[in-house]
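Each of the two complexes below includes subunit A, the first together with subunit B, the second together with subunit C.
Our next item is the complex of A and B:
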């Protein structure tokens, strides 16, 4: 078995003692001592309330926490076992904690989770982030149930967002991944998701776990694998999400390196999955398919525009090697316009992103550098978006977002043209 | 008198004939060696070019940014440059062997010296190439990091890194071929020292407000203006 080469002996021994299971919940952690106890309690409650007869295991995969995350998980497990045994569930809930590496990596944590799922023949699995502070038992059940009872192979979450939250996901990741891979999964990059044992086995066979793009953000790759294999994907509306202050997420540069780098890498390694698709299809969606709340005020973005303008100026030779001449000229022209009249049009944004993706494919420069060169341009687009939608209603913003998605789909032939063109 | 002249001329003629008789076969051997060298060099060039195409060296060179510099210097692609270099190094080696066969006094020693220098030249070229690639990669990484973090004068930072690595690579390459070792080390020390001194003065004079600001913030007397972007994910 492939997993024999990388699973630690002790972890393997604990898995063997569990035997086969129906459900598996993985909790990757790194310095989450303040929240791990609450997360474990919520997961257990969910399993007791919703899966009374199922055989279940909860795995805590730790990335070398310096605090007491693992110890707290283990201690709480013992206490829970003593207090709840035989009261509400017909089966023992097994809990295992393991250190997968000395440094945190979502990809390596997921590798061990899918290996465990394959070994224990789990039918449905869910990954839950201990950084989510408003996790409820229904979240866990909503990620597991569609896989376990409705035979879906991948379930993404859908979160309620305020108008100015998650703009990278709404303005780049969702519309671009939808146009490329043809499936309308809104949250390809999230900390919680569900998947089937079948998908876990297929992913385990892939030799990608040490790739930089997978080490940081493996979830989108998993969804794209499911799409490519013709497996059933869906999404479940979970409601608003709040994260602990200590885990407020990566900054804009790191977020773009991780997510856009991963998206380009997935395009590069799954060309046969997407180059024949011309439009997108809706996926099974439980609950509303989007939910923008009207709260939130646009943050002051004076510096965002300055960073865009200086970035276009300072990175001119790098951008010239990535973009087509006319696209580069248009970006330079808008960078010179007055701040109040500044507008980064959707059409230009889509063209820019497709040229970046094609240049990534042709490796015109180091790929991580190429992705980093996108940051100033994203800031320009962000500034334009915030100016344009300072007073827009959620419905208007949603309408604009849909138009952007259609623009991505309309320009896809241009991407293919750039992608297959021989380099000069 | 007449006999002596005729004898002298005949001696000179026979010497000339003897010299030609000795030299012509050597010349022929040299020409054969040069011709064989040409064939061997061409074959090696073709093989290396094919191998480098398979290993996608050009893509690697493009990624590392070395190709851009080659284009700026109107040089061919990395694959072409290396295969052509191999051709000329091989053929030059054969030409030198051929010349040594001629047995021209004084040339032998120079040729031996040149042969001894060839590995050092090769290593020096390698050092320069690695220096070029490293300088380009690190300076671009610094430029991107500085631009994205909004630091002032990112190009200055980037060029400083490039300059320091170039200076280091050039001095190492020259030292490798043994060109005026003492002068090179002294020149490097002076250039590097002057550069650092210049930076120290520039930062000292230009950055005194920045340093004061930093100290004030560190001592908790002043709050930094916070710049926050909306959560991207």
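Our next item is the complex of A and C:
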């Protein structure tokens, strides 16, 4: 029996019409009617300003929006390009819109985008989120250009953050992924990124697209694939980022399920990529490698400590099966301390995460449940961090982050030890 | 009615552009002449063209290839005599070939007696025949056309100690069309040639006839008055004669030169030409579609003149800076290929001698709305010599054979007005009329057949155009229509095979008949019409409802 193709006939027909391209910009969407027009306009503007000669296609992959996102994209595409005694771009800007599934999934959207990139032999691609409301033409160009002109294979964005923004990334995802995979990519989990056609083709070959970890957050996996293949990675400073009110991000439980779950899954499926690496290397970075602004106030943490404490109590048997006895004991001990004196040390935090990762590997319990069990502990760490850094300057906070990164790297042998140990 | 239609001959013409000097030398002095040209009229008739446009052949110091005329009513001795011209004209007319001559109305040579008189003293009767000034600050801001050689539009005349206005080279003073005596004198020149029997004039550098302070000195209303005056006189005294405008401007600006059908009969469509080259290089129909969408309607009796290459550089004045840079990068990497704002190359070398691309562009030229002009030698794929200076590299002797001097002249090769193209790829030993005549599959034979096909269907010269909009932008498809006559043209602009689905619902039940092989294609049905095309391939289909 012939194998089913995941590409819809209509999508394929549209790709045939486009032919080979130099650049591909993918816009995954789901109920983004309020912003899709502006996103498309900004992408087009970027192409007109920066890539007037190139063969380009803008690809909207929609997850079954009920708010006419696709129709708006198509209507916007039909509008004539402004031209005054000449042309704004030399070539046609091709625009394609297609529904990849009846349910939203970043991973499935990316699968079709990399398939298109492979079929159209795109040299450089970018994924752009319609939820980002302050997208500028230079963002799009800055993600594409290093790939197109400098032969990078993966370009992550770097955003300007306020002191209390992106704490999950700064306190967990970046330092841990940096220590594990050895590359200092700060925003491994982002809504915008760039990649090469070569990387797209390699990713397309992987049979991972239906995996839960990939369905929600495929971008870090893509970067890790690039790292594993020895391809060139980099990051480009884009500036501050704001998202539309309609597209409020997932709550902390869902965020940890998606990102940490993905990170653990990537560790599990890419062991050979990381288990021999002992430290981290900087990547090509264009612009400042971090930018913390001094504005912002700490988010209200009224219930955070209580949730941590109750979580440690309620999940005791689960945590006992995940953590080493000593680690578990230390966590239980700090959960009993006075709120005002509470301190969740970086050393303990790193050890905790490595034990979670190892237990994920050994599948000591349902992996999704395991990742969710991390949530109260993250709350504790967050509470501690905010208490200690409410008045810290950006430089002080960055210094703390760097120390945490080094702690992750220092304890990596412990991770390997736990990882390779026989399940008790 | 029939007579009126006959007067519109220029709409159905396929024009062949040549310079007498380059074509054939009958007396062995190394320079082409009218007798030589006359001897080649059978070739031109055989090619299928039906009008010849001659570059300037008047007495001239030849500092601008004859566009610096020193005597409007005579023939440069190198090219023969006035009688030779008259004999040529009769011979051409006997073969039903019309003849269009060049009329350089904007300026003369500084050697012209009119200018010599004008500069002789400020009191001379012809003083006011040219544009003089005591300062070089009048008309400031007016662009300089020959930016490679000219620093100003004013030149100092040491004889009359004042400045004269020139939009082109300093040795080409502009005539003063505010002076009725100049207009009258130019009309007398036109009458002279019309009485001899020429069929039309190509009026050179038309937008620059009149100057006014505070303007660009281009396309001024007073210029149009001058044109209307000439046209009125021609229509009254010489019906059926044609005026062709050289106005290198945007279509919307050139549109004014058609007036209400009371100015020019035809005008060049300058911006289309570079965009045809661009479209093939970009492999995208966008440049062509966009410029044609910007092209306004013109009166029924008027026609655009379209071309691929001519005696000048491939002008890049009517493109954006981005487009110009692209054209330079793609077609003139070697800086010596560039001149002014353009590229001094011929068709075949620009296409890297790729026969498929030459044919595609020729097919576009012959199937788009407008009267096509073929530049001499392009029908056999002649090459160029960018090292000859100015634009002489595209004005080398016609290559008739692989023999002595390419069959152009019996003179010693050193005596030829220009070296022959002699490299192994484009040299006359490889590229010449004789050898291509012997092959039914040569570029020359192909060109003949495509011209023949065009001439057989008036829809090409008179029909409307409707662009199809297939999602594959590498394919340019359009339907030409004149009454019940319908022709579908499908061009693959790309270097790779393409599939295209055409929405031909308007032509449902029609049978496409491929026009060169006369083969039937599947009848058009309910579904989009699927065609596949090889690299640079194109189809011309008659759409017949039988």
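What we mean here is this: the second predicted complex is superposed on the first by the 413 of 424 C-alpha atoms of A that agree within 3 Å, B and C clash if a C-alpha of one lies under 4 Å from a C-alpha of the other, contacts with A are read in each partner's own complex, and residues count from 1 in each chain.
Note that in this section a contact is a pair of C-beta atoms (placed from the backbone, for glycine too) under 8 Å apart; a residue touches a chain by one contact, two chains touch by 3 or more.
Source: prediction; values computed, not measured.
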> Here subunit A is shared; do subunit B and subunit C fit on it together or clash?
Replying inline: fit
> Is A:282 touching the first partner subunit B, the second partner subunit C, both, or neither of them?
Replying inline: neither
>> In the overlaid three-chain picture, which partner chain does A:399 touch, first (subunit B) or second (subunit C), both, or neither?
In response: neither
>> Contacts for A:240 in the overlay, against subunit B (first) and subunit C (second): which applies, first, second, both or neither?
In response: neither
> Once the shared chain is lined up, is A:53 touching subunit B (first), subunit C (second), both, or neither of them?
Replying inline: second
> Does the superposition put A:376 against subunit B (first), subunit C (second), both, or neither?
Replying inline: first
> Between subunit B (first) and subunit C (second), which does A:94 come into contact with in this model arrangement: first, second, both, or neither?
Replying inline: second
>> Between subunit B and subunit C, which one contacts more residues of subunit A in the superposed model?
In response: B
> Can you give the closest approach of subunit B to subunit C, taken over C-alpha atoms and in whole Å, for the superposition?
Replying inline: 40
> Given the complex with subunit C, which residues does subunit A contribute to the contact?
Replying inline: 13-14, 16-20, 52-53, 55, 83, 85-87, 89-92, 94
> Quick one: in the complex, what on subunit B touches subunit A?
Replying inline: 59, 62-65, 68, 137, 140-141, 143-145, 147-150, 154-155, 227-233
> Can you list the subunit C residues touching subunit A in their complex?
Replying inline: 250, 278, 282-287, 290, 294, 319-320, 322-323, 326, 470-474, 494, 496, 498-501
>> Going by the contact rule set out above, which residues of subunit A touch subunit B in the complex?
In response: 164-169, 189, 248-253, 255-256, 259, 299, 301, 303-304, 306-307, 310-311, 314-315, 317-318, 321, 363-367, 369, 372-373, 375-376, 379, 382, 386
